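Consider the two complexes below, in which chain A is the common component and chain B and chain C are the respective partners.
Our next item is the complex of A and B:
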C-alpha cells in the first residue's frame, strides 16, 4: 500500500488545516488560474533547469540512428509547440473573461518555453540549424493541423480553438510525451517530464472550459463533434508518425487515443 | 498491514448523503515529492506510481490528468474534490466494482 498518511501526536491539527477540497468554486478557479499559482508551480519543477533539465546531468552516448530518431521526433514536437504558442497568444484576445485571459497568458509562456527547450535539445544533438531542420522533417499532418488551428483562432472561434488546442492537441501531447519520457535518454526525459507537468494545466483548462460551456449551450455539441471528426485524423496521424520516428512497433505503442477519447466522451463529443 | 495511519475518527457527514453515517478516518499528509502546485498544496497530490501502486481510502485518481488526489479525511461518495494540477472539479462516486473514483463535474 502506498503511504497515504502518518500517525501524529499533534492532536486535531487536520481540522483547521487548509485543504483545497474545502474551497468554494470561485475561490478555487481564482487560485489555480492566477499568475502566482502558475509561477509557484513552475518554480517547483523548473528551478535550476534553465533548458528544462539539470545542467549537471551527463549526456548519454547515443548511436547515430538513435540520435536521428530523437531529432526527427523533437522536430515534430516543435511544430506542435509552435502551433500551440501561436494559437494561445491569439486566444488571449478571444477569451471571454479576465480569468481565462490570464490563464491563456500563462499558457503562452509555457508553450514558448516548450519550443525553446526542444529547439535547444535539437541543437545539442548536433543539428546546426534547428529551425531549418524542423521545417525539413515536419510531418505533413501536424503542419496541416497547425494551419487549421490558426484558422479557427483567426476566425475568432473561442470554443473551437479551445477544443482543438487544449483538448485535442494537448491531450495527445500529454499521452505521447509521458510515454516518450519513460523511454528517452535521461536529458530528453527530464525535459519531457517538465513539459508534461505544464500540459496538465492546459488540458484541464480546455476540458473544464468546454465542459462548462456545453452545459450552458448543449446545442454547440453537434458543431464541435463535427469539427472533432475533421481534426482527429490529422493529429492522430501526426502522432502515429512520431511513434514511427521513435522506431516503435505497433504492439509497443501506448493507446495513443485513449486519454483523448476519454476526454471527448466526458464532454459528450464522441459523435 | 497497511501503512495508512488513522489519527482519529470523528462524526462527519459532509458530502456523504448516500452512505451510512460512520466516523471518517483522518490522516496527516506528508509531502511525496509532488511539485506541480504551490508548496502549501503539494501534500494533497502525488504521482501515481503505476503497477504495484494502490489507493488509500483518502485518495482518488484524477481522470483528467491521472494525478492522485489526497485528503486529510477518508473520502465518501458525494465528496467534492479539486485537482489543482489540472484545475478540475470532481465529485467522488462509487464505481461498479465498489471502489471510489472521481467523476468530473462541469
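Our next item is the complex of A and C:
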C-alpha cells in the first residue's frame, strides 16, 4: 500500500487513494501505527523542504492587507497546532497499547513541525515576534477549545481526548487547511499541503480507534455524543473565525462545515 | 526486556516534558526526542517479538520481567515529570537516564559486534540519538539551573536516588547473566576467539569476570554523570551501594 501522506504530497489527492478510515482494521493497525510507516509517509514531502516548502520557490508580492490576513490566519493555526502538540504529547502516556503509543509519538513530532513551519512563515511575512503575535491575534473559541482539550488529557480520558483531538480538531484543521491551500500564495500553499497530509493520518487514526472502541463499548456513544454537543459551539465558532480570517463568503461556508459533520457521522455521533 | 522498560520510561518522560518546556525551541527538540524514543521502543519491542514473545503477551511479559529496581528508577523520574518540574525532569531524563542508556548501549554494542552484528547495528543508531539527547540536556538546562539555583538540592537528591536504583539494576542483571555470558564466550571461541577479544574502557570483555565488567560499567556511567552534572552546575552525589 502506498502511504497516504506520500501519495498526497503534491496536494493533488486522487479518488483512488485509500483514506485511512476506509482501511480494514487489521491493515490499518499493521500499516499506520509504526515508525517506519510514518517515516516513509513524511519523507516524500519533507525532504528538501526544511520549513515545509521548497527554498527555491520565489516569494509572491503580497499587498499589506493580504499579508495581514495571512498572518492572522496563521496565528490562529498556531493556536490549534500548539493545542495539538500539547495534547498529543500528554496522550503518549495515556495510550492503551504499544501501537497507539508509537502512533501518538509520531503525531507529537508532526504537530511540533506544523507549529515550527507556521511560526517560521509568520516571521517571513515580517512579524518580529511571531509567538507574541499568536497570543495577540488568537480567537477566543480556539483558545477555549484548547483549554477544554487539555482538561480531557489531564483527566486521563483517552477516548475523549482522541475524539477531541484526532476527530474534532483534526477535522477542523484538515478542512480549513485544505481549502486554504487552494487559495493561498504558493509558499503558504505548499506548507499547508504538507500539513494536510499529516492531518489525514491523524484523522484516520482517530476514526479507526474510536470506531473500534464504540463497537466494543456502545454505551460510550452517548457520552461522546454529549461531549460533541458541548464542543460544537467552540468547534463551529473556530470554523467561523477561520472563515472570517480567510475572507470566505458566507455562501461558501456550509460546504466546508460538511466535512466536520461527515466525520462525526461516520462515528454515529451526530446526536 | 530491560531495554524496552527503559525506553518506555524515556518515551513517557520526554513526551511529558514537551508540555512543561518553557519555550518553543525546547518543545520542538523534545518532540523530536519523543519520536526517537518511540522508535527505540519499537525496535527493541520488535527484537522481543523476533525472540519469540507473542504480541498478545507483550505487556504481561514486560510486567513480569522488568527489573523492579529499574521500575523504581523510572518512577523517580516520572514523578518529577508528573509534578510539572521541567528542570528536574530534563536532568533526570537527558542526563541521568540518557547517560546510563548511552553507556549501557556502548557496552552492549561492543559485546555484540561480532556475535550479533544485527543487534549491534541497531544499537549504533540508538547511541547516536542518545548522544544528541544528552547534548540537549547539558545545553538547555545549564542556563535554567543558573536562573534557579534553589532547585539544586532537590535535583542532586533525585540524581542520587536514580543512581542507586541504576546500580541495583546492574547488580541484579549481572548476577543473573553469568551463564549466558559463559555461553557467549564459548560460542565466540568456536567462531574464532582471537578475533573477538574486545577492549572496553580498559577491560578485556573476553576475559574479564562478571564482577569486573559490572564494576567498569558502573564506574563509567557514574564518571559520566559527574562530568556532565558538573558542566551544568550540579554537584554529583555518590549513591549508596546496593546490598
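Everything below uses one rule, namely that the second predicted complex is superposed on the first by the 240 of 271 C-alpha atoms of A that agree within 3 Å, B and C clash if a C-alpha of one lies under 4 Å from a C-alpha of the other, contacts with A are read in each partner's own complex, and residues count from 1 in each chain.
As a convention for this text, a contact is a pair of C-beta atoms (placed from the backbone, for glycine too) under 8 Å apart; a residue touches a chain by one contact, two chains touch by 3 or more.
This structure is a prediction, so every number in the text was calculated from the model and none was measured.
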Is A:37 touching the first partner chain B, the second partner chain C, both, or neither of them?
-> first
For A:105, is the partner it touches chain B (first), chain C (second), both, or none of the two (neither)?
-> second
Please indicate which partner A:56 is in contact with in the superposed arrangement: first for chain B, second for chain C, both, or neither.
-> neither
Residue contacts with chain A in the superposition, chain B compared against chain C = B
Using the touch definition from the top, say if A:262 reaches chain B (first), chain C (second), both or neither.
-> first
Check whether A:92 is in contact with chain B, with chain C, with both or with neither, and answer first, second, both or neither.
-> second
So the chain A residues that chain B and chain C both touch are none
Residues of chain A touching chain B in their complex?
-> 1-8, 10, 12-14, 17-21, 23, 25, 28-29, 31-33, 36-37, 40-41, 44-45, 174, 197, 200-201, 203-205, 207-208, 211-212, 214-215, 262-263, 266
Residues of chain A defined as touching chain C within the complex = 34-35, 85-86, 89-90, 92-93, 97-98, 101-102, 104-106, 108-109, 111-113, 115-116, 119, 131
Tell me, which parts of chain B touch chain A in their complex?
-> 2-8, 26-30, 32, 35-42, 44, 46, 49, 53-59, 63-65, 67, 70-73, 79-89, 104, 106
Within the complex, which stretch of chain C touches chain A?
-> 11-12, 15-16, 18-19, 24, 27-28, 30-32, 34-35, 37-39, 41-42, 45, 58-59
